[in-house]
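Below is one structure, written out as structure tokens, with a few remarks after it.
Chain naming follows the written order as A, B, C and D, and within any one chain the residues start at number 1.
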Amino acid sequence: MLDAIQFSTWAEFFDMGGYGFNVWSVYALFAIFVAINLIFPWRKKQKIIRQLKRRMTLDAEIQSEDDSSGD
Amino acid sequence: MTEKQTTTSAAFFATLKRDLLIAFKKKNDIVNPFMFFIIVVSLFPIGISPESDRLTEIAAGVIWISVLLASMLSMDNLYRSDFEDGSLEQLLLSPHPLFFLVLAKNISHWLVSGLPVVLVSPLLAYMLALPEEAYGTLVLSLLLGTPIMSLVGSIAVALTVGLGSRGLILAVITLPMSVPVLIFGTLAVQSTLNSQSPLGYLSLMLVMLSVSVSLAPLASAAALRISVN
Amino acid sequence: MWVWFFKLGSPKWFYELSGKWLPWLIGAMVIFMTVGVVWGLVFLPPDYQQGFTSRILIVHVAVAGTSLAFFPLMFVAGTITLVWRMKLADMVAKHAAILGAWFSFITLATGSLWGSVMWGTWWEWTDSRLVSMLFQLFLLLGVISLRSALEDSDAAAKACALLSIVGCINVVIIKYSVEWWNTLHQVSSPVTTDASSPNGPEFWIATLIMIVAVYLFLSVSLILSTRNEILERERKAQWVQDLVLKS
Amino acid sequence: MSSAAPTTSSNFDTDKIMLTARELFCARDDRVLFKNLNFDLPEGQVLQVQGSNGSGKTTLMRILCGLNDSYEGSIKWYGQEIEDQAASFFSSLLYIGHRVGVSKVLTPVENLRWSCSLKQAVSDEQIMAALKEVGLRGFEESPCYTLSAGQQQRVSLARLIISPASLWVLDEPFTTLDTKGVALLENILQRQAHEGGSVMVTTHHSLSIPELTVLSLG
């Protein structure tokens, strides 16, 4: 398996046969793209749940105020 | 009651006649896109080069793109005033198939905005130093292409008719859709310039036109129902 | 046989089912992603013509291939919205448009990073795939901007559904006409077919793994966004409130 | 939140009942406009829809005409689904909304020629006579932007006179009319009811028409 590794030094690995900038940019771009489209929806879910919770407690308060003033 | 009901063709012609009448009463709607077209075309030689060789090269493209922009600008009025004054609701509530009524509106729009542009195009082609042998192809390709743009653009206008301020959204939706027409229109002219037959491209445009005539009004009609909802 | 179809239309059912699937999908995605990227960066031998730039292609081809799925997906979702009025289809379509725009953009960006090596230019009009991808991006942006312009969610759903259907037909026509247009301008083009397809089974296996990884990523991201949309739109429903209280 | 009990008893023959609405439900942006709304509209009746602002009167009218399809429940036309007999329904229907459907650039005659010919053949004599009846004599050939809002409303009322439609759906037709206009319209509505047609109308006016029933929303 180790024979299949195409590089012997780290410098070679980063150089990518002279195309280092292009190859690494593509993989970096891809990583950012994947990360953004997974993290944003995940964080949005937390935000939605927080908002819904706040809304529900508010609604419950309003409800109890209404009930007490109604009597 | 049923004996007095109009035929679909009578409703079609009544709508066509009414839209033409409105267009001739609101002359600005006809004149402005037309002037816009001529002005945009005249700006290209100033911006690029007055040399006739270079103008010849870009002439077909410049005319086609200007036609595209002008037709998009004129589209804005296609359903908007009808939407605002409630005539559109009357149109939707007609017992006749909306397909034909929308088609009538599209035809009248083309007659007042597309046709004048086609007719004046040889003059502008001359100003852009397009060789004479290509005039025929240019006019023919515009004659086939402008109705396609009216029909396809009508879908986007119908979708956005309910928007208070639609800004450039119409352009964002319609312009990418006009790529095929632009490609075949300019290729037809180009092939004439290379002394090849443009018939292949023109017949392709004819196919596209017949497909748009039969499908686009359906989509426009559906879009109008959605927008008026 | 239609029962499952209409069941699928129920946001609650979808939310629960997708909740069960998500861990497996995420797991598979992580495995395929890791294998694909490590193989691509470490093990893939250089192509005899392209050298190490073929490593770009693994990502580019996978993303580009997946981008082509978006308009068909939105076509189907649009048809379901218009014919069966399934709310879920619209929620999927909304995020498919946004994700599709991302995919198209990344396809263009990776494509030009590859092209800058192979063709010596960042943008090449004679490559019909890049040009039609550009117009696909424009059409998707049109759908997104129509959605944001129409505030009413019901009208927006139907309008975007219709525009997606028209757009899908248009993308196909644009693709073929741009290809045609290109064959006539090929004379001075640096794009030649043999330079753009690297050889060797290793390359294709690596690409295949990457394609699977990207499709898994697409479904995970789309499911996550759709679940958010469900929570937002169904916030008044009892099951959502129970769910929020539990979390 | 808002519901309305059936306001008309169902003693009529079913074939005499033009429009039947059952269990209508409509919500817009999470707000329920009406639910469990039932009513019958028999021939020869004027049904006034009342309700406070925002109670969904306009939405109800548009739903009945098929302009709005975001509702649940059933609406039947002589006992049958509207989709199954769209041509017959739409040729019997006349709708005048908030936007009266009068183009400002055209003259009243030109407007009527078009809007009437969408449904039935109409002669210029009929149009002239109708315009005279709604008190627009002398304005036949002036562009509608020179007319007042009330006069434009009257142009749309001329359609009621010309039209043989048996179901009129009128959304706030009284708002811009003066006292004479109100009397004229009441008169026209009454005539329609006598001739066996029926009318659904939203207004805050209290109408003096014997065939009137009231449906309250909200």
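Going forward, contacts are C-beta pairs under 8 Å (C-beta built on N, C-alpha and C of every residue); 3 or more make two chains touch, one makes a residue touch a chain.
These numbers were taken from a predicted model, which means no experiment stands behind them.
Of the two chain pairs examined here, A-C and B-C, it is A-C that is joined by more C-beta pairs in contact. In this assembly, the C-alpha centroid of subunit A lies 54 Å from the C-alpha centroid of subunit D.
Centres computed as Cα averages put subunit A at a distance of 18 Å from subunit C.
Computed from the mean C-alpha positions, the centre of subunit B lies at a distance of 32 Å from the centre of subunit C. Averaged Cα coordinates give subunit C a centre that lies 48 Å from the centre of subunit D. Under the contact definition stated at the top, the residues of subunit B that touch 2 or more other chains are 229. For subunit D, the set of residues touching two or more other chains reads 70.
Residue numbers of subunit C whose C-beta contacts span two or more other chains: 154.
The complete set of chain-chain contacts reads A-C, B-C, B-D, C-D.
Considering their complex, residues 155-156, 159-160, 162-163, 166, 169, 172-173, 175-177, 179-180, 183-184, 187, 208, 219, 222-223, 226-227, 229 of subunit B touch subunit C. Residue ranges of subunit C in contact with subunit D, taken from their complex: 152-154, 236.
Touching subunit C in their complex are the following residues of subunit D: 29-30, 70.
Across the interface of their complex, subunit A is touched by residues 33, 37, 40-46, 51-53, 55-56, 59-60, 63, 99, 102, 106, 109-110, 113-114, 116-117, 217, 220-221, 224-225, 227-228, 231-232, 235, 240-241, 244-245, 247 of subunit C. Residues of subunit A touching subunit C in their complex: 4-7, 13, 16-19, 22-23, 25-27, 29-30, 33-34, 36-38, 41-42, 44-45, 48-49, 52-53, 55-56.
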